[in-house]
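Per-chain numbering from 1; labels A, B and C assigned in written order.
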């Protein structure tokens, strides 16, 4: 399986997850989007040493994962993309910030270690939240929600069309890549003599494709704007979810839950 | 009713693709447009749909195809593209099908009803919410036809409707075409399919009509077909 | 170069959203004014192509490694800066939403770092002036050379700007303890190499397009002229010589001044950091000798903490009870997971 096929597989997987029908899936996409953004902002806003304050934020996504019937582990595959840069940045902290912040028995933990862990957990939590959004919301519903939130129509339509053709183009390139490597055994990538023509060929064909696509739009009465299929109204449960989830996130953010819990057991 | 009157067209100067083309198709006819590669079949379709400008006149229901009349004319004509991926540009089958009705100011309730009716008629109901990039080639072709039927056009144009389909899906598409009551214009190299679905055949060569007559006659004329780089349909050649 | 949400403070992320959003607004306005509805499908298909094209591995001759393409320059050369910018936004949004590449909150910053520089700076500062100039003379060969030069320069410059912004945004967010200058010294050279490869790949693709359909390129007036590939080779040769000179010069500098790199990494870094961040820490490293510096570096890189508590009053403390509480929270989270799985299984049995 080459890289493009893997990407297609990932896309298909997200589509499958989003097509399920849990209570979370049925919520209005705008409510989910806004709640996710609130969660991410609150999570990221924790102080770099506030590892214990950050921990309870985990409860939000974990609970929602369970409610939506999506196993938490499905999102860990995506961590391979998020973590490297976060790690690269975070790994330096223990070297530069060595003032101990915490004494656990005989082991002193430095501020750098704490801030590194905090940073990584933030990365993981934010990933969980945005993964959950996309795993419970089909792209077309999300686009309809974006329109409702007054994101310009041109941009939303472009997103919708591009998403559709990402599948088509990735598939074509997957086939081309296989065809190339079948005739060039032992090469790891595209050789310099084919740098231009490999993508260039497809690019020229794509221009013709775009023309045909435009014709197809025109012939079906397109003028100026797209109608989005999903116009599900924003109902009371959606509002309750949005308000409730933000309230819970705020509580988790500003009440030191972990410290309170711990103080029940340790003085 | 569709009529071409002395139509000329060239992509580049001095290299005409369509030369003085005239024909008339009555309502309810099903016409196969055949010819070798480069004979101008697709160009005829595009001219009829007003996608290319031309000399001469093209009439649809006695209305000439001009910039001003495009909207009304395109509403009457449904065009099924050869490449379904280019036709189905929305994420799901349902959204693609409802695209045209909504653009033509049909109310949403009615548009929904139309979509469901077409899906039920073609036996595609389970495809409704499927993603376009995840359905098979055969399903995609049927969905593309459904997309056009949801427009409720008066005439349906099809460009190679059976290309790259397995025998089963090809048969499904042929049966679907046969059941359509609208005017049909079908271009294809699949002459067996043309024989199965069309009453009349126009043979196009170098931008001109070289034969026009009942499908059964033209598609049996081995000499004529071979002189224009085609062969007898398999179903006919076997018998001889 | 995709930044994750965790690398940004909300204020920085919001600022970048506003910046990118305004540019997007202006771009949309411009496209609407141009009123070219046929451009929308071209943008979508090209964006999809670039998205897929980013996954292609290009073998770099003479090395075992391979490079990639990011696409900002390519898109603006094909679609113009405004349409290219919007297409890049959509690519980045899809990467962020479906592949977790970059974050939802960091999208504004990512758009700025990768799309704004690539499309606007690359187009208006590099692509258009070079393509409109008489550099290398007249004719097809000269135009080819201009395409190569503009692509390489454009990609290098815009990637440098992008890398700089990543460092700036991360530092302003107070995420990393890595001093500003050191971080910069780490990021810029890496992205110089990346930019060079990306520039050459972009040039190759644009040249291919130029040969077959020159009218597709923005700001290029197709010419019919003498066929000569010599000037193209000359351009590549010139670029190679420049690269050699720059690379050679840098390594010469590094070898003649053994602690030059260390200076770049730590000494200067501290200075830059203090200046840029408005912080005044101990001034070690600014004017000390090499020996002292080596010592400081050794100290700086030792992993184990000093066994003396810093006398700072930490604003938010990590306390023992906090740690215990966190463990409990993790336990609760695990329980929720297990409970969910349990109920699901039960449910599926019914």
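By our rule, a residue touches a chain if its C-beta (ideal position, glycine included) is under 8 Å from a C-beta of that chain, and two chains touch if they have at least 3 such contacts.
Just so you know, these numbers come straight off a predicted model, no measurement behind them.
Of all chains, the one whose CA centroid is most distant from that of subunit A is B. When every chain is reduced to the mean of its C-alpha atoms, the one closest to the centre of the whole protein set is A. One simple way to say how far apart two chains are is to compare their mean CA positions; for subunit A and subunit C this gives 19 Å.
Note: centroid distance subunit B to subunit C, computed from Cα atoms, is 48 Å.
Subunit A and subunit B have Cα centroids lying 42 Å from one another. Counting partners per residue, subunit A has 11, 139, 161, 163-165, 168, 209, 213, 217, 222-223 as the residues that reach two or more other chains. Within subunit B, residues 89 each touch two or more of the remaining chains.
Chain contacts: subunit C has residues 41 touching two or more partner chains. For subunit A in complex with subunit B, the touching residues are 11-12, 15, 19, 138-140, 160-161, 163-165, 167-168, 171, 209, 212-213, 215-223, 226-229, 231.
Per the touch definition, subunit A reaches subunit C in the complex via residues 3-4, 7, 10-11, 14, 36-37, 40-41, 43-45, 47-53, 55-56, 58-59, 62-63, 65-67, 69, 71-72, 75, 78-79, 81-82, 85-86, 89-90, 92-104, 108-115, 119-120, 122-123, 126-127, 130-131, 133-134, 139, 142, 152, 154-155, 157-159, 161-166, 168-170, 172-173, 177, 187-192, 195-204, 206-207, 209-211, 213-214, 217, 222-224, 256-263, 265-267.
Partner subunit A is touched in their complex by these residues of subunit C: 2-10, 13, 24-25, 28, 31-32, 37-38, 40-49, 51-53, 55-61, 64, 66, 69, 78, 86-87, 89-91, 93-94, 96-101, 103-105, 170, 174-179, 183, 200-201, 203-209, 212-213, 216, 300-310, 312, 314-326, 328-330, 332-333, 336-337, 339-341, 344. Only residues 46, 49, 51, 71, 74-75, 77-79, 81, 83, 85-92, 94-95, 98-100, 102-104, 108, 129, 131-134, 147, 151 of subunit B touch subunit A when the two sit together in their complex.
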